[in-house]
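Got some structures for you, see below.
In the two assemblies presented below, chain A is common to both, partnered first by chain B and then by chain C.
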Partner chain A sequence: MGKLNAPVDKLPRKNLTVFFLIDTSGSMAGGKISSLNVAIRDTLPMLEQISSENTDTEIKIAALQFASGCDWMYPRPLPVEDFEWNDLEATGLTSLGAAYQELQKKLSQTSGFMQEANASCAPVMILFSDGVPTDDAKHDLDHLKENNWYKAAIKIAVAIGDDTNKDVLKEFANNNGEAVLTVHNINDLKKMIYLVSVTASQVASKGVSIGLDAPESRQEEVMQDIKKAIKKDSSLTKVDVGADVEDNKGSDDWTNW
Partner chain B sequence: MELSEGTEIKLLNGKVCTIDKELGRGGQGIVYLVDYCGGDYALKWYTKDYSNDFYNNLKNNTNAGAPSKAFLWPLAVTEKQFGSFGYIMPLRPRGYKEFGEFMLAKTHFSSMAANINAAICICDAFQKLHIRGLSYQDMNDGNFFINPRNGDVLICDNDNVAPDRTNLGIIGKAGYLAPEIVDRKSMPNRYSDYFSMAVILFILFYYNRPFEGKKFASCTCMTEELEKKIFGHEAVFIMDPTDDSNRPVEGLHTNVLRRWGLFPKSIESLFVQAFSKQAILFPEKRIIDREWMTKMIQLRSMLCHCPHCNEETFLEPDVNSQKCIDCENTIQKPMVLKVDQYRIPLFEGQRIYNIQLPIDGFLNAVVGEVVKNSVTGKLGIKNYSSFTWQAIDPIGTAHNVSPESGMPVKNEMKIKFKMGINGLIVK
Partner chain C sequence: MIGLTGNNSSVRTVFNKSVRGASHIASEKPCQDYSISYDECGITIAVVCDGHGGNTYFRSDIGAKIAAEITLDQLRGFAQSIPSEMFLNKDFSITAKPKRNPFIDSDGKRVRFEDLNETQQRYALQTKAYIKSEELCKEQQVCIEELLNNIYTEWCHQIRTHEKAHPFNKREKEVLHGLGIEKAYGCTLLAFLKTKDYWLSFHIGDGTILSCDKQLSWEKIVPEDCTCFLNYTTSLCDNNPLPEFRYAFNGKGSFPIAVMLCSDGVDGSLRTIENLQDFYEQIIGLFLDGDNIENELGSYFPTLSETGNKDDISIAGYIDLESMELGSLRRIIELKRKNREVQNEYRSRKSEISSISDKIDNLKIKYDRLKDLRFDKQTELEELKQGVERKEQELADINKSVSSIKDEIENLRMILNEKNKELEDWKFTIKNEMAETEAELKNTNNTDEATSSFDYIEC
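Entry: the complex of A and B
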């Protein structure tokens, strides 16, 4: 084959890492953790599709679970097509601070965790928790807040039930109460895992939007899209958007599993 | 709201269409397969809110009809119903692939001839759009369907098309948008389209993006601010001869590193000019669609099969002793037909297109082709048009060349194709 018709390489794409930060403390045991496992497994093929069709960005996944300590599912973010979800089990405490510390460690320049040949997009960080941190998470978050990856990231927190300390989640999401979503049952949890992961990945993986109607930031765009989708889906009326007490209109029902 | 199967949607033209199934969805809305007048069509149904101005603009575009057959243009706009509206357009025919599939190396052109034809189709379509005083505004790799076999192009998402400098709130994509739009200093118009078109054409030939080089790759975390900086007025073309700060990176921007140098110098200079600092800063310095079109048509005439190895290579009309880019054997300089602004090397199989004379006809309509006499081995031009030419030899004798007959390729021979349309064969 001649040079003019020689095969070409895929255009280089930016990297987008989607971080799943998952509370696997004892209180998550049972329906919550098993639904979460199922929902993320169900979501990955959609993320894979978004990645495979996207000319700008390829999606990588990193999953960090925290309980009495914290642990990455794989030592490095993996391309979504290579990422196999290993079911998580729930037991122990809620060491959110330890998770923040670990995240901060891996997001530093020297760790190589985010080192890529091409540019990377601001990552997506989705935090799932159902409880109250059992360590000094605030102190560790203050430290994490100085990290540029964290600063640039699109951050969303999903509170699983009424026992969650939503102020903690709000603080994770840049004190943006809107980025805290509360689910009160298994079905809503599953749906929200899909909705939040897919929406955030879609928005984060596309090029910067410009125009009169363009949202101010990607964080804002993600939240606009999520809120709209929740409003449109009549089965999601029990999901609360916002971290304040008055935002809570649902009541927990974790029996259905 | 979303539409379910069997729903009837009323159209402004008094007809209805019936929803069959969803074909896909994007940021603006959902595309459904619909039955309309007994045939299969696509309905784009908006899930985002759009203004009355947007709706009226869509109606105006629909009434005006498609600028060329390359546009999958709105055929009918729906009434406002079920809380939204949409429009009907033709379905993408079989055999056409998304431009993104070419970029992700999932599909490829059958030949460089097909690749160049795609560029010509794009230039032609936008030229016809711009003549109407309209601009496309949000041009990006998602708007094109291309047939890899022959390079025919279809353009979708034509709901963004609006009169110059009228923006109906459509969002564009950094990397394709002109810098002044990224910097929010101007409204989209045909000059910003020229910029986006140059980006598309660059990717079509070099399979890398024109502003993504070292500077881009070294942005560890591409924030929105950085992205706007790299694609705004500070953008640096990766092959800018006067600024090497954003060169392609070895091992990353592999395609452009391999392909830059394969095309005629005139094409490289064209891209250098299209992405020069002047053209980035001053929209009126950009290469306009007509010039792109001329250069692409000239490029098509320079593509030939090497007589030694039969691979596709380029032959510049005014350069002596050129080498095949593959086998590197010297190719004898052919005689050249000068007609209008084109210089057409006359090698066997070369076609002379209507558009080069210029006379009316489809984009790929041919008036003549260079053929080789099987007995003498000499080259001649066969008349494939429907009219008689006159061939005037150097001593002034005129010979009629009727359709389907031929004339010899000789130095200093004039061809009067039609009244006022003359060509000259030169060595």
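Entry: the complex of A and C
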């Protein structure tokens, strides 16, 4: 037994905040929003397990819904074990720009959700949408892009059905078309919510440093893992991986619930 | 390694240690950190290099070793060839050169500091600090930038030589996506040089360089670079890395008693600057006790990596207690340790209180939400109850009607029975009467009429 000792075990673990950004506009009503509610609720226990098994990182959850305005489910990110999912209802417009503005406000150490960088992992941001923004989302995203937390975040977008503007989602995901997944039915939506949330959280909780202009990013690492998982699962053949992939266009079926 | 037990006016030490991180042991990757320390002929040098962990940097362990060894050679040569007068009575530090004007937005419009977000404000402050420093000690800046250029040029040369001797295979070329070979060897660099007249330190990338004075007051001697954020770091393998170096020197005779350089495996695992300082003071304590620092670090670092961020861990440093009264130093260390214990306990209690407060706040939210839900349900229940009452009333009314009709039916049945009975009695009576009448009529010979009347009654 050596003489050195650091009170690491007494310290709070690093925070990994998983942001769920959820379109709750009217078009999400019915099977889409109800399956999303069930899927995220079902995913939380797995995230809780990842968090409890990691000595260095604690997963916290923040959920922002946007429709005619936007609202956080809770006023601050909660440890995943304390997070109770409240079912969302869908009605109104698609104010994605308002959601970007709100996210920008909270991605701050002094006046938002974030803690000092040494005590944090790069956050995970997962955007779910089935439509087209009804406000000036591009302008608000340009501002958000100046935020270091956003820049460092692992960002994945899930397009729910053919009516989604995938270019908007691609721009959210660092203009990385690979990080846009399109689902066409409720079962795939449920599976992808689980897969994306769990994989991104696993990768984000690893402490690997990379260069500023790295050709590969944590986001790409996540996408590689997701693509492998999709390939392995024969029931996920109707998921389109990539903003430009439209192999399953026209196969939307949101009734099987 | 030399330890101290009392007043000593001649002892100092340098040390370094690098160990493979828990995640690299698990994935069978090599240790991508490298560290060196040197102390001869009045020249003290400590260097740490941290090879990047992403897939692109598949030779970052070699890049880190090459960078550290070149830096040692270059610093030794620098200390020997550059006259000390260059730095005498001067004190200077400069951060990384800004790459853009933080006060001009993406649309080319001027923006005020107050309108910038937190990230932009940090960058703006860093830019201001750079501009302020840029005008000072220009001759020394040129001299140090030449040193950095030499290190970088030699690093590029040696990694190219290495690549020629060990060409990339097809898969490695694919991973590089056609980028320069520097990417494969990418690493950070932290260095410290001390001569009898001055000290010089420079840094590119993440990790931390801390120094402490006789009061064990710790500070970052090289300015920070806010572009090194979370797991993103500047690097020797960046497209133009020289402006990304930040550095400092001091030739005013103000020498720290200890300087520690560490990779992000150390500061990332210890998480707070207070813990890092505590850890460094433990190292100074080991030195005072005459322990072998490198052995102690070697046995402790695997545990630190395992419980921490699982990254490779490197440290290099020097401790110089020449001018220190050792008893006093022990007392200061002990006092600071106790103070930190109190601080940690305070933070722990505050954290517990804050956690409970957070839970109360969250429960309040749930409470309010449930209260609203309860109100809605109560309203719904009231409406349902009123509905039930209405239905019960309707049912009672119907029951009453049913009962009344049933009674009426019974009454009518009774009446019907009576009437039937009366009819039978009447028929019987009439029959008798008619029979009597008929008999009378027979007697009076009016047979046809009497028979007809009798038939009508029978029907």
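Please note the rule applied: the second predicted complex is superposed on the first by the 226 of 257 C-alpha atoms of A that agree within 3 Å, B and C clash if a C-alpha of one lies under 4 Å from a C-alpha of the other, contacts with A are read in each partner's own complex, and residues count from 1 in each chain.
Everything that follows uses one rule, which is that a contact is a pair of C-beta atoms (placed from the backbone, for glycine too) under 8 Å apart; a residue touches a chain by one contact, two chains touch by 3 or more.
What you see is a predicted model; the values in this text were computed from it and never measured.
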Considering only the touch criterion stated at the top, classify A:D253 as touching first (chain B), second (chain C), both, or neither. neither
Please work out whether A:D244 is in contact with chain B alone, chain C alone, both, or neither, and reply first, second, both or neither. neither
If we overlay the two complexes on their shared chain A, which of chain B and chain C does A:D163 touch? Say first, second, both or neither. neither
Output check: A:E84 vs chain B and chain C. Expected answer is one of first, second, both, neither. What do you get? second
Between chain B and chain C, whom does A:K232 touch in the aligned arrangement: first, second, both, or neither? first
Classify the contacts of A:K3 with the two partner chains as first (chain B alone), second (chain C alone), both, or neither. both
For A:E146, select first, second, both or neither according to whether it touches chain B, chain C, the two together, or no partner. second
For the overlaid complexes, name the partner, chain B or chain C, with more touching residues on chain A. C
With both complexes superposed on chain A, which partner does A:E53 reach: first (chain B), second (chain C), both or neither? first
After superposition on chain A, the chain A residues reached by both chain B and chain C are 2-12, 14, 55-56, 109, 117-122, 148-149, 152, 206-214, 218
Going by the contact rule at the top, pick out the chain A residues touching chain B in the complex. 1-12, 14, 52-56, 109, 114, 117-122, 148-149, 152, 206-214, 217-218, 232
In their shared complex, at which residues does chain A touch chain C? 2-12, 14, 55-56, 74-76, 78, 82, 84, 86, 104, 108-111, 117-122, 142-143, 146-149, 151-152, 206-216, 218, 221
Using the touch rule from the top, collect the residues of chain B that touch chain A in their complex. 1-2, 100, 103-105, 108-109, 111-112, 115, 138, 140-142, 167, 169-177, 181-182, 184, 203, 207-209, 212, 216-224, 227-228, 231, 249, 251-255, 258-259, 262, 309, 311-313, 325-326
Under the stated contact criterion, what part of chain C meets chain A in this complex? 23, 50, 52-57, 106, 117-120, 175-177, 179, 183, 186, 188, 205-206, 226-227, 229-235, 237-239, 264, 267-273, 275, 278-279, 282-283, 285-286, 289, 291, 296-297, 299-300, 304, 306-311, 344, 348, 351, 358-359, 361-362, 365-366, 369
